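A short write-up of the structure that comes next.
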């Protein structure tokens, strides 16, 4: 990472310095899963399990998060629901992960049903059509308005899942860094940012609570086999050892990152905009973003474009 | 009324029976016959066109109780069928996979075929078959009477009373007003009446001690020869349609050694493999055996992809097919004589079995050396409808087109067939042989299938160039039947009445008295009402015996 | 148009107005006019009055709305599109014509009133709703799809192979249907949502009741289902 | 999807050891059926005749035919379809609901016993009458029996046929099928045959008032049809051919007296098993035959301007 | 057919009263009526014995008044020819030959042809 030189102190928002850098994100494939259940609680329970341990494709082969709660009138079956976004490098991988995860976490969870949330997507992966085999030929299907749904008999009653799920091009790895005076300030700012960002549809924050404390760099300085290792330039405790190689100014004692995956650029921008705005508060020194010099990911989100032109009071 | 004289000039004539192979000749017609020359009358200028003898179908199911049963079973097929609208002088009709009577005449004539042999008629319902044939216009007809499961005949063959058996067969032929003898799944149809079949040629038929399918085949072939019928025994071999039946078919040829016989729809009897999964074409083996048996003729029974209704006296096979398709099934057993099963069927190019069947029919026609001994049929409606013959002709004439078609079929099937290796292409003369000259000769119809002096003036004139689909034979420019222009540009122009060929083989005077008590035990109608009166066969033409 | 065996001009029977378009309005009693909307693929027909037999027969797309009653074979063998009848319909709604292997192949038929015999006979896919109830043999030889009935007379679901028949009242059940359980089928929610937009309510609230599920027809043997609504209490 | 498995009556005589009559009363309606074809005659494989056969009668009341049967199963009216559908399930060893079965008037034990006997038969035959085909369910009831017979062939040989009623109605079926493709109710108004039972069937046509003329031969609908149909017949030009002046003659515009089929008119008639039989009239009628009169009318029609159907390329029509 | 004394005897005659169509009936007839129908069942007997060759009815009726056959044929043809949707119905107590004619008639008048079976 190499942001210090490019940072310009000229941009400021609500008294917080916005470094003139950009978040570098990657092309991924995304899908939206709508889980409904008899109560919002059960829908959310299934969604939480489905999205658990899905923080980074590097470690989990999938990035996923809860997108939104859906009111009953908006879901396909008229019950309360939760939508989940999932991201992987390609459609095949996405299908495999969905089959595993829905099979283990939604199929198993009382009263739930599972629908495709991207009906207009042209690319489709077969999920329900594979999970139906759990029905051991006792399953049946329904065909409604051009879509097939599978009904799999289970001990409780019946599990309903749509046969295919839409897959579209998506973006993973949008991010922002909150550089704060102390750990409390960093955490409060991050929490505020997450709350604001979660209001945006089309994105998820795949890390626990939406916040990452262990930002990483590509590879390692000392262990050859590590794919990624701690982002030393942003570790306040290493400022002394790294000296000028540290990206942090003296007053920064804690950094937190928020990673955003989204279905399209606009959604990520909207989320980052909301996040930056919310994070600019007392105790925060600067907002920055992570990138690899622009060489690895083709999607760049420049912070200066995300800040309102006129700082609000 | 029709002109009594007519000349067709300037066309290229294909008349293989008379050694004419594409020469430009004039054809003269007087009073329905081909003559040396005529003066005056109408002239048809056929310059640039090709002239064939009217087609002769050696094996088709166009009338009778079974076909009529099939009509009732598949009303849905008529809704998409070709329509023949009523017009003054022309009756309405529907084509489709089981055309109605009038449409049958129009479709055959419209395609250039003028003679058809109805290949399966029970004596008991012969009256019905003839009634239906009355209503088939234009074309000439003949019928084969079912004999290989007739219990009177089987009992006599079992008892070794061949002489008596011959008289009984002769009596039955005349009672039915038939032209020849058909043997279907010898012994098997009878066994089916107890829900069984006759699978092994040398094992006794269910219910008999010594009688086997083999002895039935031998016995009937001998009787037909002894009676001097113009057409030899017309045999539908045992184990039709079953993977591995090649052995039965080749064994049947051995049983027939030295005898005349016609093997019907050979395609359905030329399969290797052990079951549906391993089924393959055995056309190579069957054709090789057939080539070595000059006493035999056969017809292809070719399969075309699409809708059909299978219809055969082979009841056991039909029950199997019903269980395989799970669709509709009809069965009709006829006391003492025969039975019939009917199952609508769709041949699909993506089906392994159907693709093998499709290839097998073509392979047989390409692998049998002598075109005079193999005739073009689909065993209508079993393998496909007769009105689709032009599609087969194209496949026979165009190796490149065959290869294209091969790409459409189930890929697995390509390993089970040899069609892709066959480069033979039928010539126009070959086509004239397999569609007209050969079958006419096999049927012993001396005035059919050729254009020599004395022949019936049944002439088909095709445009000289193929149509948009590359088919030359779709729409004849003219069809003459008995010297009359019945079809012009694909439209029926005149609705004439055809003849019906029958034979009257001699039987001992005591035959009726021998049969009467047996009949009264076995049948539920009066013996006196059993034979069809000759007056009821419209256009009856009783043919000489050898 | 045909009057029996004779072809007649349309304007002998109707006053014809307007330009060629994808919308057609038929005003008046067309109760003896057959085949309205036959083979239609797109556009819209509104009949303000009654319509005769075979309305929307074999239609593949578009929409037909009838304010009055329609006769037999409504939407027979249709493969897409939507028909809404405000009045009653005759028999063989969405059915197969004699001999055909499949009736309705897809699409939606909604009848606010009643319908006759053999509704949805041999249907493969699609949705039929008859709010007012039907006579005998609803879903006869059904092979798939969904039928929702306000009420039904005898032999509902006879010889069905697959598919769903939802009945909102208790009905006589054939001996060859086996009772399975009483539950709230999740998938019905989908249909309820879909049909709500067409003004049709299916009860899916588990507090209000549940569906008795029967499977059959064992005569085939089939894997179809009859779902009979049973209000709570 | 079902089937039609039939045979000629001689097959029944010679082979059937198990016979079911359903919804018919042969003893009174087809008096020689028992004695000439089905029950009593000795057959080639049933040498003991009646003793070699088991006969079952299924009906809603105990008709004189019940006396001729070994087993009489009395079911409640309009329960044929339920019973037949249950039998179709039972032959396949499927479960059925005993309580629902009991509502038919027969018990599950009775039906199971019937199925066991059917499966033990060497050759089973079923005949059905109007008590099956004309009661609630109509053609579906006969369809149920035909399907049951077809499916029984997975276990043993079984056939089924209707006990056709009057005269040569079977012949009408046969003739219509080969001339038009369809067995009855054929509409030729577009110049080619169209078929749709329920639409082009006589009672439906008449009740809807679709016909504007009628030609009746070999039937007396004026005595048998529902009243609205009769009223429509009376309101349009109706022409009747009959040996007698019938109810229909009285409401018709034209009546022509014709010779009596088989008594004074020759020709062909079909038996219920579709066997054609020649007619041998014993009398010479002073009246022409139906055949002659219809031909004369046809010729008289042909002298008028020809009705020439046109190919329909236009959709939507009044039929 | 044989002639004994003044009775004609027809063997193997066919009875078309019911669907059994028994063809083993022996009929004894004088010129006008059948006096005996051997082998026939009670229904068959009354069928044969009740139909005579007497001239009990007028040749034809038009609007209830006696008419000639020729006039009746013309009237029938006129009505059928003029109709939009004529019906040809019955075909039961008649021969196949008449049925075939009836189909041909139905076709030339563009009508519906139907039998008892449709009931």
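Each chain carries a letter (A, B, C, D and E) given by its place in the written order, and its residues are counted from 1.
The criterion applied here is as follows: a residue touches a chain if its C-beta (ideal position, glycine included) is under 8 Å from a C-beta of that chain, and two chains touch if they have at least 3 such contacts.
Since we're looking at a predicted model, the values are computed, not measured.
**Student:** Could you work out how many touching-chain steps separate chain B from chain E at minimum?
**Tutor:** 1
**Student:** If you take the chains that touch chain C and keep only those that also touch chain E, what is left?
**Tutor:** Correct list: B, D.
**Student:** Tell me which chains count as touching both chain A and chain D.
**Tutor:** In this structure, the chains that contact chain D and also chain A are C.
**Student:** By number of C-beta pairs in contact, which chain pair leads?
**Tutor:** Pair with the most C-beta pairs in contact: D-E.
**Student:** Quick check for the class: compute each chain's Cα centroid; which one is farthest from the centroid of chain D?
**Tutor:** Here the answer is chain A, farthest from chain D.
**Student:** Among all chains, whose Cα centre is located farthest from the one for chain E?
**Tutor:** Between chain E and the rest, the longest centre separation is with A.
**Student:** Roughly how many whole angstrom separate the Cα centroids of chain D and chain E?
**Tutor:** 19
**Student:** How many angstrom lie between the CA centroids of chain B and chain C, rounded to a whole number?
**Tutor:** 46
**Student:** Can you give the whole-Å distance between the Cα centres of chain A and chain E?
**Tutor:** Averaging C-alpha atoms per chain gives centres 89 Å apart.
**Student:** Please compute the C-alpha centroid of chain B, do the same for chain D, then give the distance between them in whole Å.
**Tutor:** 33
**Student:** Mind pulling the residue numbers of chain C that touch at least two other chains?
**Tutor:** 3-6, 97-98, 101
**Student:** Mark out which residues of chain E touch at least two other chains, giving numbers and ranges.
**Tutor:** Correct list: 11-12, 14, 23, 83-86, 96, 100, 104, 107-111.
**Student:** Which residues does chain D have that touch at least 2 chains other than itself?
**Tutor:** 1, 36-37, 173-174, 179-180, 183, 188-191, 195, 197, 210, 212, 268, 270-271, 275-278, 302, 307, 309-310
**Student:** Output every touching chain pair, sorted by label.
**Tutor:** Touching chain pairs, listed by label, are A-C, B-C, B-D, B-E, C-D, C-E, D-E.
**Student:** Which part of chain C faces chain B closely enough to touch in the complex?
**Tutor:** 97-101
**Student:** Please name which positions on chain C make contact with chain A in the complex.
**Tutor:** Counting only chain C, the residues touching chain A are 106, 125, 127, 144-146, 162, 164, 181, 183-187, 189-194, 196, 204, 206, 223, 225.
**Student:** Residue numbers of chain A touching chain C in their complex, please.
**Tutor:** 36, 38, 75-79, 111, 113, 140, 142-145, 149, 151, 157-160
**Student:** Can you check the complex and tell me which residues of chain E touch chain C?
**Tutor:** 83-86, 109-111
**Student:** Name, in rising order, each residue of chain C that touches chain E in their complex.
**Tutor:** Touching chain E: residues 3-6 of chain C.
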